[in-house]
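Below, subunit A partners subunit B and then partners subunit C, in two separate complexes.
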Partner chain A sequence: MTDTNSAAATGKLPAAPRALRATASALVSLALTFIGLTAITFVIGRVMPADPVLAVVGDRASEEAYQRVFLEMGLDRPIWEQYLTYLGQILTGDFGTSIMTTRPVTEDILRFFPATLELATLATLIGCVIGIPLGVWAAVNQGRWIDHCARVLGLAGYSAPVFWLGMLGLLIFYGNLGWVAGPGRIDIYYDGLVEDPTGVILFDAAWHGEWEIFWNAFSHLILPAGVLGLYALAYIARMTRSFMLDQLGQEYVLAARIKGASEFSVIWRHAFRNVLVQLITIIGLTYASLLEGSVLTETVFAWPGIGQYITTSLFNADMNAVLGGTVVVGICFVGINMLSDLLYRFADPRART
Partner chain B sequence: MSAAADPQGAGLRAWLRSPSPASTWQARAQRAYLGWVAFRANPIAMAGLLIVVALVLAAIFAPLLTGSRGLDPDLPNRLLPPSAEHWLGTDQLGRDIYDRLIWGSRVTLYIVGLVSIIVAPIGLAVGTLAGYAGGWVDTVLMRIVDIFLAFPRLILALAFVAALGPGLENAVLAIALTTWSPYARIARAEVLTIRKADYIVAAEAQGASTWRILRKHVVPLCLASVIVRLTLDMAGIILTAAGLGFLGLGAQPPLPEWGAMISTGRDFLYDQWWVPTAPGAAIFLVSLGFCLLGDGLRDVLDPRSGEA
Partner chain C sequence: MTEARLLEVEDLRVTFRTPHGPVEAVRGVSFSLGRERLGIVGESGSGKSQTGRALLRLSARNGRVSAKKMVFDGIDLTNASERTMRRIRGARISMIMQDPRYSLNPVVKVGDQIAEAYRIHTGASARKARDRAMEMLETVRIREAGKVYDLYPHQVSGGMGQRVMIAMMLIPEPDVLIADEPTSALDVTVQMQVLALLDDMVRERGMGLVLISHDLNLVASFCDRVMVMYGGRVMEVLEAGRLHEAQHPYTRGLLNCLPSLEHPQHMLPVLTRDAGWLEEAR
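Up next, the complex of A and B:
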């Protein structure tokens, strides 16, 4: 590392403040995005045709009671003040009470979120474990049949409606072949048998050594995760292929070949290492979009996750729950993307200096 | 960019290949012709074009291709399997699924077209303005674009529909609200590369107004990348619309929207599998077609960008 003087002389900041500055600017844009997100959900909540006061007092309330609640909810104050109050509530984790479940929305979200997390995590894992080698393989054999197969698979995974794939999967693997369990997270007679401190059934069952429950939950999970995983796989394989082609055309690869390195070493030790760094962002993006994209999959598989919570609340005009869910998913989405961006900055020496 | 009105009749090919075009119109026609030649050489892109053209034809000639509009229930014939009379079987109300699919192509095109004509002008306007004006206008506009880019699109569209109420038009509006931001990004990037170009300076020196420069010299150059991106996004737009329809938030029955058809067909998945399967296959085919077409168009119109 250079000392401060020479760094100042060349007009370059030393590495540490640079990293700090990158982090700071990421935090600023995170904050701005957060403000934007909450502003939009706030506006959506206000333009709703439903009267929020009537939702609380009911339509038979007296004029007096209506006025009192109207004032209590702060609806007479200027709009920016209402927004600040709303922002304050969100920052303290208060999304109001769900009309549907009559519990605080935050509590509901904590109950439903682990199911989505479980689904999205396994799907991303499937996407990485199959997608990355497939992408590398396709790039190495560019233009041959494996490359075309990977391309077609990639486009198919991107073009097929995920809810339709889920239904086909249920029809074939559950209805006809009986290989996997049907909709839901676990068979009803196993429900509640295992303590669930984390809410992630696979983890809790394994922790308590309840392998029967573990396998039951797994057979419920594998189909929806596989369907979402296909989407992840398509994207990851496509990007891996294009990054890999990029690297294989570089001069250092040629140098390694001239040096007499084996093909395996050239591909995996030289080129792939650089690809891996670029893949961090892609995997982060996939994970974030799976957290969001599981809405439709959860509906098909009756999966009690956050996506299903949001859609059911939507049909019950339960606005607190819808907006709370939207904000939480939005924050996760933005947060994961920022995190992978930061990771990339620290992993790639070129982005660091 | 159609070469249909050819001023020289028989010598069309020679006119299109002439090394020294005599008019702007001829130069443009030549450009389009060269693009077409490159595009035609790409079989995958041609397959995409074929699918999209088939979709448009199906939408235009729907009355000729079908026996009914697929709206009237025919309860004695409900849930029939595919046969010579009903190619794709009938649904839970006895309506012919093939007829509904063909008429549904109109709904799909309506959604796609409406989203495009909302999204492209907004993106172009914001992007060119930000890129050309620079300074704080640029900073503020791009911050807004970044905020929209960072959002989870499907969830946000859901929230918008929740506020606006379910329905086809509201679904379109919700999709447009969550789709416009990348276009502003693209347009701005294009503008930044040409803003300092000599011909812009020349136009400025001739006293052209900012509005005229933007309209005549800047926007046309951004169009190619916007169109490519739009074609590539079509699949996503169709899938989102179908997803909203599937959740019951998009087109409402009895409109033959493909996503809504899957949703109602879900109850018959295990016993009458063709009811939900056929519309899903249609969505798959059409979004695949747009993907392939977009890939091919990108290679022709935008040789700089590789995989993105």
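Up next, the complex of A and C:
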């Protein structure tokens, strides 16, 4: 009702066009980033010493077969035309065929990526759910023993090699105690029973109400997610602590105390809301870097994730697979950054301009 | 002032632990306050702000407050529990801070910050608190209170921010208000408006006011009594109207440093300090 008035008074556009404009500019920057990303992967694919034709026909193929495939792949055409073709293929979800698995790369990614998504999401959740309160708690008790404990835990989580933690975890919790399941995503006799709609086993099992499968998958997931989560937790807790210390020293915190606000309200209602603004970026970056796939963790736990897929493809000079994987990881990165930008606007009124 | 003393302070000391050893910011300050306006003046570092914060027991973490006597309305503030202190803060003794750009929470609507101060002490419903906050915004002479309520601190000017601060700190109707340099961060033209507003509110509600400032003239024209501080100690306490009859050499020195339009001086004298002023015994 007074929307347009107040907008005129504060010299800003009304809410709806402002949101539209923000979305539009986000989409433009997404498109530009996408073009940049694909251009880079395309160039990498062309400058690599691996001959794409040989990779398809094998090194004992006849000259005739080689030439036929060379033309089929459009390698005789100008480079920009090849790029446009490549771009068109990507946009229709066609990344070519993987030499290693002999399946379309898209199909492979749809199999491998959900495994990483599952792992990274749970690890980030663990990092947030434990790391944020730990960081806040440490900051509030700055210099006391709890603060020192949190810092030692943070340092350990950050500096202990992931593969070592993973093997230690397997040895103790799987080997000795038997609390969790071993490597892999799921026990062999459950494998492939639920695959739709997403490929994320936890979600699919819950979707179909297959709770036995759900718990089996969960017991496979919890250890690798815990190991990666410890890493995320260490980083998030450390950043939360330092942001919180900074905010607790601000004048508005003193003002809240002067009003007679309880310590809980001072910390969570006042200081933490400002910490959250800064944390969004940190959490987004952590999640994005975990989605890249953590090769070491995936290797230790025989986890069929995107990191392992890209690495194995790289060793086999399977360029279609490498480029496809890279593009998907890149899109994830850009997507998460956009999402954290949006959330940032939501959390910080000063960013809504 | 024949009324009962609201606040009595005797031998207040605030000491900070620092890596370079203890630093005494306030060193044996005594004063009392009724429903009157007391000004505390002094240079930076004279301990005037720390005196204000010590009354609310909100000194920084590394600070230690001690006093022979610090009594507010029969309550001993030196060893009151944290719970008691929380009930006193805001509701009975409140404080206005210097710069609204830093003292308002940047991510909370200004109206909600005022309403919160009301809800803490009354337990009123959100709706009731909102209505009261709206009234309060009008009381501090903000037009279009409904619109201002939903603004964030970065969207209001300094003067408006300080009115919001005043509204926030006065909404629970405290008995004593400490105003720590309430106008120092504002433009000169806005300063007078904010002071006039503060004056009206203090008069109307019959509150005790402690005005902390470095501006001698402002304090003299605004307060009933003036307490001059230097190096964490009280130099002298004067009736505001008799400031110009001040005896203490420090006060005289400060007064001489003020340029005057009627008696222009070629060069202002430099304040000479006497180490003896910092001595404990009088």
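The rule is short, and it goes like this: the second predicted complex is superposed on the first by the 314 of 353 C-alpha atoms of A that agree within 3 Å, B and C clash if a C-alpha of one lies under 4 Å from a C-alpha of the other, contacts with A are read in each partner's own complex, and residues count from 1 in each chain.
By definition in this document, a contact is a pair of C-beta atoms (placed from the backbone, for glycine too) under 8 Å apart; a residue touches a chain by one contact, two chains touch by 3 or more.
Keep in mind that this is a model prediction, so the values were computed, not measured.
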Query: Will subunit C clash with subunit B on subunit A after the two structures are superposed, or do they fit?
result: fit
Task: Go through the superposed model and pick first if A:Asp348 touches only subunit B, second if only subunit C, both, or neither.
output: second
Message: Between subunit B and subunit C, whom does A:Phe315 touch in the aligned arrangement: first, second, both, or neither?
response: first
- prompt: Regarding the shared-chain residue A:Ser262, is it in contact with subunit B (first), subunit C (second), both, or neither?
  reply: second
- request: Check the residue A:Leu254 against both partner chains and state whether it touches subunit B (first), subunit C (second), both, or neither.
  value: second
Task: Of the two partners subunit B and subunit C, indicate the one touching more residues belonging to subunit A.
output: B
Statement: Superposed angle subunit B/subunit A/subunit C, CA centres, nearest 10 degrees, is 80
- request: With the two complexes superposed on chain A, say which partner A:His270 touches: subunit B (first), subunit C (second), both, or neither.
  value: second
Message: Contacts for A:Ala156 in the overlay, against subunit B (first) and subunit C (second): which applies, first, second, both or neither?
response: first
Message: Between subunit B and subunit C, once the two complexes are placed on the common chain, what is the minimum CA to CA distance in Å?
response: 12
Message: Give me the intersection of subunit A's contacts with subunit B and its contacts with subunit C, in residue numbers.
response: none
Task: Would you tell me which residues of subunit B are touching subunit A in their complex?
output: 143-144, 146-148, 150-156, 158-163, 165, 235, 239, 242-243, 246-249, 259, 262, 266, 269-270, 273, 276-277, 280-281, 283-284, 287-288, 291-292, 306-307
- prompt: Can you name the residues of subunit A that touch subunit C in the complex?
  reply: 2, 5-6, 9-10, 250-252, 254-262, 265, 270, 273-274, 277, 347-350
- request: Please name which positions on subunit A make contact with subunit B in the complex.
  value: 29, 32-33, 36-37, 40-41, 44-45, 47-49, 155-156, 158-164, 167-168, 170-171, 175, 238-239, 241-242, 288-289, 291-293, 295-296, 299-300, 310-311, 314-315, 319, 322-323, 325-326, 329-330, 333-334, 337
Field: Parts of subunit C lying in touch with subunit A, wherever the complex brings them together
entry: 56, 58, 86-91, 94-95, 97, 99, 102-108, 116-117, 120-121, 146-147, 150-152, 154-155, 165, 168-169, 172
